[in-house]
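Below you'll find the structure, written out as structure tokens, and then a few comments.
In this document, chain identifiers A, B, C, D and E correspond to the written order of the chains, with residue numbering beginning at 1 in each.
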Amino acid sequence: MSPTLQAVLAFVQTWWVELVSGVVIVAVVPLVAGYIVLMERKLMADMQARLGPMRVGPHGLLQPIADAVKLLIKEDIIPDNADKVVFWIAPVVSMTAALTSMGAIAFGPAFQVARDINVGLLFVIGVSSLGIFGIVLGGWASNSHYSIMGALRSTAQLVSYETAAGLALVSGLLLAGTLKIRAIVDAQQHFGVWFVFLAPVAFFIYVVASIAETNRAPFDLPEAESELVAGYMTEYSGFRWALYFLGEYANMIVVGAVATTLFLGGWLRPFPNVRWMNWLDALPALFTAAVGAYCVYRAGKQPVRVQTWFMWGVALACFVVALILAVPLLVAPLKFLVPGLHGAFWFLLKISAYIYLFMWLRFTLPRYRFDQLMHLGWYILIPLAIVNVLAVGVAMILEMEYGWNRWLAMLLTTVITLATALFLLRLNDKRAAAASSAAPPPEEPSTEDSYAG
Amino acid sequence: MLDKVIFFFFAGVAILSAGLMVTRRNAIHSAVFLITTLLATAGIFLQLRAEFIFIAQIILYVGGIMVLFVFVIMLVRLDVALHQIQFSRQKWVALLVTLALALEVGVMLWSSRKVPGQGFLLPNAVPAGKLPPNTEALAGRLFDAYLLPFEIASVLLLVAMVGAVVMAKKRT
Amino acid sequence: MMPIGYYLFLSMALFLIGAIGVITRRNVIVVLMSIELILNAVNINLVAFSRIFGDVAGQVFALFIIADAAAEAVVGLGIIIAFFRNRETVLEDEMDLLKW
Amino acid sequence: MADEPKAPQSPESPKPDSAGAKSAPPTAPASAEAAPFPAAKPAAPARPAPPPPKPPVVMQIPLDNDLTKRYREQFGAAILDAIEDRKQPYLVIAATQLAEIARYSRDVEKFDLLEDYTAVDWPRREKRFDLIAILYSFPHNMRLRLKIPLAADETAASLVEIWPTANWLEREIFDMFGISFNGHPDMKRILLPEEWQGHPLRKDYDILQQDTAWVRENLGIASGQ
Amino acid sequence: MQDDAAQNQTLLGADELVLNMGPQHPSTHGVLRVKLKLDGERVRGTECVIGYLHRGVEKIAENRSYQQFAPYVDRMDYVAAVSNGLGYCEAVEKLLNVEAPPRAKVIRTIMTELQRIASHLIWLGTHALDIGALTPLFYCLREREEILKIFEKYCGARLTTHAFRIGGLQYEAYDSFEKDVERFCKDFERRIQEYVDLLTGNSIWIGRTRNVGVLSAEECIALGASGPVLRASGVKWDLRKAQPYAAYDQYKFEIPVGTNGDTYDRYMVRMEEMRQSRLICLQAIENIPAGPIMGKVGKVLKPPAGEIYHSIEAPKGILGYYIVSDGTTQPYRVRIRPPSFINLQALDKMARGHLVADVVAIIGTLDIVLGEVDR
């Protein structure tokens, strides 16, 4: 055996868990993203008095696969004057950044690729922020005005809102006192409460900023359909476009995971330390079983034989999952599996709730204008986040040095921050009123540069 | 072995793309190659177990400064500049000077190999496993011994920010 | 941990490439980027020595250098934008006026 | 082809009507249908002159109310005629005085809205085109039409200064009839492509005709005709 | 996508950037092409390039008989075909000096008001979609569907209905016509509240529409802008009241007006117009007079020589028909005053000084239909 081969073998032997986990992420995330798209379309249809995709598979369950096939075999168009290499590489960057950042996320206590990275949460944020290069370079390489304007907008937007999001995360990190993902969740278990209740303002800021960061409505200006056609994606088609799309949805998962980890208690079930609430442990299994039962109920109503079979299949899968979730609870020797399995369940459930919130907002709200977006970011969110960091810091000092009650201290800081928020909003309204009373003079060049923010 | 592979991979990528960065005609391409270099350097930092510097490099350098660069390059669309001469007249002199410098440093490094006891080319470090947790150690040092420089750096950043805003603002 | 000399050679190579860029390129943006490269080369040195001596002070200085690089880039790009607005060029040998 | 409503009062209608292919005899229209005059519609503005009871065929009657008097006073010979057709008044005015009359209409008579501005082609007449300006007065809730006869080679003064809305309307007239306007800020085609040959709403432009060369060149298809 | 003139221009700097919006752009409502002169993202001027949908309707009219031309007018403002038909039929009736019987007039009024609601619904849906609200569009289409079903039951067509004939109506109202209209109107009250909930008080919506595209009353009149655009600027003027046609003089309704003449006011005016149209419909179905539905019009129409101008308050503004007859069966000249065409002229005035995103909102608020602009 040659030494190289030996080294490779040794490498694989040491790192096989991580390798397998990485492969799982790369393989599963696109599929999951596809199904998030389907869920989004279904939810949107439901809220808009429509049915949504119904043709491919029962209730359109196979639609993502059909879409993927369509996108794969679609003609791949590269504009004539595009910068071919950059055009080619940009979507890949976008996707890679999103997938890489998932490496440090812990989907439950058992599943994490980069286990003991010292800067866990920072890694997630930092690497996922590299996705911006995909957007910028793609917009630039397309050599189209719409694309470049979309790219410029998204750069300005991402940079602005990343600041706010980062500051919001700092509040949470102050409470946790560590950057390691597992330690953050452990801290919440130790506190006995999710950080969202201790720092609600920070959570709110993070929600808003993360919507903006993932370019979702009402902050979807870079791809604002009605203004910039499709923003930086205007010239993309086929699989490259799909990569952008996947990157965007993967990013949604990432921000959802970050919010869940830091604010929503990670993989902890509700009331993790309360004994008599232990019956909640049965919830995952019951929930999945209920979904399965509903599928069985629907199976009889399918119009086509194939769809009935398919529905049965889905139901069966649900039952199997329910069984997997239930068995370790009941069988004593398998008890050690409980945290891993149930943790993953709760974690994914929380991410789903977070993404659901995104979708709900998207279907409800109109879109901000670019200058309004920038004002919201720079005049309200960032000052508010700074004040919030200060306030949380003060509260922690009060608690640790002067022995205040934790809840009292946190309540105080929240009140202070909210008062600041009100003040900022008032200020903003005044400014807007002043700006509108002096309506934009048609001929004079405005002093305000939209990008100056 | 693994260390070696990682180092040579990242070092190779860094040097190659640095060279490309200096020679590309298109500023955007230069920026892309600089990003690659910086990421490769970040990899080197990780290999040196400097995790915080690694992530700071990615967030600040790549995610912050380079975004700014790309942004500015896009704002000043350099279509015209593409067709102009890329290098200034003194390029041969410059190359000569840098070559001389390279020679000098190279000889210095090579000769230091033989300095007894120091062993510049030999590993003489704490094993990776015994290092203190990087972020904590760094934070401790930063906010203890280097608190004043830290504050000064923040003031510097503030000044730079104000200056940039003032300069880039449109005059009316 | 590799022998420190490798890091020094890498650092030197990047430094020299950066220096070539600074001296020879006409495009000011590329010149600025080359300066970033030089600063980065210095960082490699600092972090490598910090590792070999087991002292994080080197990394602290690397952090300061990153902050400094950010400040320098921001100011430099601000100047470039202001200049471009007036002269429509980013070539350094055309920046030959003391006043505009 | 009849060139003009058979109104003997109309000075611009040439007396010996050249009989076109579709020329209708002056008394031809279906009098049976039009004979009973239904109650006046409320929409009809300004009816100072009582409608003539008898001849249903000739619906144009001379108009001589206060409004026209004022116009005549002001502009004298430039008001060539004042007629009421189906209870809708119109003034026939000389093209030379168009701008002045328009300004007077807007400022003094308060016809503040130029509701429409168009043209009609009468190829066999001496003055080939009629420009039709339909004015509306918000204070008086009343409409007035100005008719400006114009020869083929004549140009008219642009009304853009007076009513900005005339901008596109004049461009459309130019596009469709080839009448150009003096002082228009941007006299070019609006609906048809700029290189198009011919002016479609002229009577000598057959409906089957089109600029086949343009179609072939720009759309890459053989003409549909 | 780029205009030729835009080459070598930069996003930064004193030079104006020319951005070409359309003709294939999602929010130009068809094939409108707008050249935007931009400074950064601020609009320094616009130029509309229209005519992509030009079909020469006026030329066609000169080569068809009066009845034959009637279906063509449906193709102009194709989201308000019934209103177009009403204007044309009434104009020719005036030219012929006949009048439609009272029953026909009332049914015409009901249909036209339903069409007004349908047209405003389309406007609301697309306008909201332009500003980024996805959901109102589908709610609007849901209600419009009800109206189109009524049209379909009445005359067999949904979009280009050709519902009226010169002299009256061809079709008698179907059996449950009143009931259908009433049910729709009763329902619509609740439905309109849904749009209000989604949009009216929404701070993003207000931020996007208030003080955007302001037109003063004087500017409106000077530019010839009519319909809701004029009313939103504070001019309480509606042809249905000023010079009533069809059966509008029999019904009570309000003319909603705005104060600022901005996009938000136009939104509010149109919302209120939908409510008023609903009230008109409810009043009209109370009492549809019995009697014939066709006036005394011969099979061959030969209007006496002469000319007529007749205009109605279409959903988008003043829709006028200027028809010249030479006494033959074919009109000598038909001129159509298209409200969209003339309202679109105001775009430049409204868009100057705003951002690109506002241009989209302004195009939406003008409620143009390119079929009518280009004819």
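By our rule, a contact is a pair of C-beta atoms (placed from the backbone, for glycine too) under 8 Å apart; a residue touches a chain by one contact, two chains touch by 3 or more.
None of these values were measured; they are calculated from a predicted model.
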item: Length of the shortest touching-chain route, chain B through to chain C; value: 1
item: Pair joined by more contacting C-beta pairs (A-B or D-E); value: D-E
item: Between chain B and chain D, centroid-to-centroid distance (C-alpha), Å; value: 77
item: Distance between chain centroids, defined by C-alpha means - chain A, chain C (Å); value: 34
item: Geometric centre distance via CA averages, chain E-chain A, whole Å; value: 43
item: Sequence positions of chain B contacting 2 or more other chains; value: 52, 64, 68, 74-76, 134, 165, 168, 170
item: Per-residue multi-chain contacts in chain A, two or more chains; value: 148, 152, 445, 449, 451
item: Residues of chain C touching at least two other chains; value: 81, 84-85
item: Residues on chain A engaged by chain E in the complex (per definition of touch); value: 44, 47-50, 144-146, 148-149, 152, 217-218, 220-221, 224-229, 234, 362-372, 432, 436, 439-443, 445-446, 449-451
item: In the complex with chain C, residue positions of chain B that touch it; value: 3-4, 7, 11, 14-15, 18-19, 21-22, 27, 30-31, 34, 37-38, 41, 44-45, 48-50, 52-53, 56-57, 60-61, 64-65, 68-69, 72-73, 75-76, 78, 81, 84-88, 90-91, 94-95, 97-98, 101-102, 105-106, 109, 113, 120-126, 128, 131, 134, 137-138, 141-142, 145-146, 149-150, 153-154, 156-157, 159-161, 163-168, 170
item: Chain E residues within the chain A interface of the complex; value: 1-2, 6, 11, 17, 19-20, 25-27, 39-42, 128-135, 137-139, 142, 198-199, 202, 204-205, 207-208, 210-211, 214, 352-360
item: In the complex, chain A residues that touch chain B; value: 7, 11, 83, 86, 89, 117-119, 122-123, 125-127, 129-130, 132-133, 136-137, 139-140, 148, 151-152, 155-156, 158-159, 162, 179, 445, 447, 449, 451-452
item: Footprint of chain E on chain D - complex, ascending; value: 1-7, 22, 24, 28-30, 32-34, 36-39, 41-43, 45, 56-60, 85-86, 88, 112-116, 118, 120-121, 132, 134, 138, 141, 143, 145, 163-165, 167-169, 176, 189-193, 200-201, 205, 207
